[in-house]
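Each of the two complexes below includes chain A, the first together with chain B, the second together with chain C.
Let's look at the complex of A and B:
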């Protein structure tokens, strides 16, 4: 799993600074990562990694750290 | 533990299997709100009920939904409120305020997903949102209508908003969507009145149709405005089939005060309770529990509300309990119909409050 690529997806989709993208970055704690931002983020990740994420994982992806695990899971399946 | 609920499918437990766990959770919520919300505590006090715990699920004092318009009902510290949801009222009406903390929001999302996945599966589907994107553009003003759309967006991908700012169908985009996804299941979501007025009626008036034979339409928002045009659930479904080819149409009943734990319609046309919610039908004069088949006011119960005391509410809707655990659709739980508003109730509801000016 390309962590750099995932970081870029966060920066681009949420329009936040690269420095803010740390493992503990959490959904709902910055104004950019709200429910609208989250849908943009999911689209961006799916496009860049060529994966399709299930509903449960869309909901579970609430930190950057969790996003790494989830995207890794899907990338391994490919 | 609330997490244990998710081990079961939402419509899989009978009354005896669900009962104790459900009551235990309501009691946990009751204790929490009694401790943290003085208005809630005072209501029980006024009825001399502050010392004893409710005995069963019909023994709670249901809060009238309109109380959320006049009182600030909150059971968490102000700094823990993550967002405030408002019913999309107009200036002439009071607006409900629902205060959500992180845990309540999380549960809303998770419960809704657990219910909807049981209908559409866990794979996200291409999604047509039968509304305008304008309703979600103002992130500060989080209306029930926008909240509903965002909540359901989780189940979709390749989202398309059907209407432009003037509520006109985006004809070319719609055609592109239908051509691209006509061979596979797609999800459509919107509010009943808006779907009827700005989609179905417009297609009919122009003698047009679209083809989404594998579409699944989920809609809500009340029938009050449609009743004037003599549009009921059957008329609605028939018109949807005729204009779009969609066979699977599910209405749901739910309160903005209990977002997440919705009552989904089944293939037999009844609304169903599930693991996360319950209803009690009450005589509208005496508030005594009605028998099966007897019309009364609908009390709605939900395991979700933690940051505000919305776990047991009396609505302004009339309904009838049809049965429990034996619906022909195969789902367990109570099943019921909603017959409309009690006559004195003011106009309210997610899409009902979309009012025309001019």
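Let's look at the complex of A and C:
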């Protein structure tokens, strides 16, 4: 899994600084990562990694750390 | 007249509120707490309520309804600057909020009631009961003035066409300070139903667990919520208790309207496509679920007790189907008028139960209405009405030469010159000031702002889709 690519998806989708993308970055704790930002983020990740994320994972992806695990899981399946 | 908030005792032993941490409260408990606030409010005053979807906000709201006072509902997450402007403009006598910096005269949970040192001793109109913002997050301190009769008649009408009963349990998806969100609260209180109060987002497992665990029967959604539902593959979800879904707050994109008409049909969920404005307390029309499969592009017909008509440029009523004119609504839920200052809170009804909606519309041979566009320069973003002139004004004050346009869910800014830095700045300014998510804002570069000979901006030339 390309962590750099995932990091860039966060930066682009949420319009936040690269420095802020740390494992503990959590949904709802910064104003950019609200439900609207989350929709954008999921689309960005799906597009860049060419994967389709299941509903349960969409709503479970609440930190950057979790996102890494989830995207890794899908990337391994491919 | 008997307003529903004065007769809630009839539901004493029904569950009124369920909170996301699992507590539940009977109507009699809510009434007791609400009345404890009512007793400390001096006669006819203005009370600002900082709204979250929680028990304390509900109690504060019911308390003000049951008192002689007037409620000004403000979203607790509203930009602090905008909040300060609202407070400065309307000088509420009391504030019900979670903030605790002043000496409280009453408190429940984290919320407390503060008396503010304003003492204007001015007259507040006896019919006035509620003040709502038209745009949710926009900077303008313009408010809609609603009377007790407005609230009562709209709640009653909604409860009637949704067939609400005490067995209902909606989950909150919209803030109570927003007319659509508040209409859910009002119509369910009137029906003696319970309300699951939560600020949990659809994008969290918590929201969906609550629906399953508490056996939620309905929820409301603006177009963006339906986009999220689509993204979450709502069609694959198994939610046996869910019986009703409503949609309002802007036109649903056609493909989503069609898709959800089909999904809800298959799942045996009543899907109501509705239309309304804060100026009409909330609801103006609805499409009956049995029509939704063939008429999903329609906003339906007027709600019980109201009438809709279409008028031409001269103000004459159009009787012919499929002719476009301005949609005009008549009903007891039409606001008293707007307020821009505290002084205007003393004025009585200025609307005479008639609302020119500003939306262009037509009706078909069977009398179903369709929205065809906007007369004025408004778009909807995330359920909030956005006045494009206001954004233009703001950006020009910030020193940018640009005009705004766009459609629902997409704000376009046409900037003179192709300077990337100023494009970024504009985007930042808009997201900061108005709190619109940057993904809903697009920028284009134009050589100049096109105008006609009399200097009027030709918006259609800038934003034409062809």
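Heads up, the rule we're going with is that the second predicted complex is superposed on the first by the 78 of 78 C-alpha atoms of A that agree within 3 Å, B and C clash if a C-alpha of one lies under 4 Å from a C-alpha of the other, contacts with A are read in each partner's own complex, and residues count from 1 in each chain.
Criterion: a contact is a pair of C-beta atoms (placed from the backbone, for glycine too) under 8 Å apart; a residue touches a chain by one contact, two chains touch by 3 or more.
These numbers were taken from a predicted model, which means no experiment stands behind them.
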*Which superposed partner A:15 touches (first chain B, second chain C, both, neither)*: second
*Does chain A have more residues touched by chain B or by chain C?*
C
*asked:* Quick one: is A:58 in contact with chain B, with chain C, with both, or with neither? Answer first, second, both or neither.
replied: both
_Is A:36 touching anything from chain B or chain C once the two structures are fitted on A? First, second, both or neither._
both
*Could you pull out which residues of chain A sit against chain B in one structure and against chain C in the other?*
28, 31, 34-36, 39, 42, 54-56, 58-59
*Note which residues of chain A are touching chain B in the complex, please.*
28, 31, 34-36, 39, 42-43, 46, 52-56, 58-59
*Across the complex, what residues on chain C touch chain A?*
201-205, 207-208, 224, 227-228, 231-233, 236-237, 382, 431, 435, 437-440
*Tell me, which parts of chain B touch chain A in their complex?*
82, 102, 105, 109-110, 113, 116-117, 122-124, 136, 139, 150-151, 153-155, 157, 159
*Mind listing the chain A positions that touch chain C in their complex?*
13, 15, 27-28, 31, 34-40, 42, 54-56, 58-60, 62
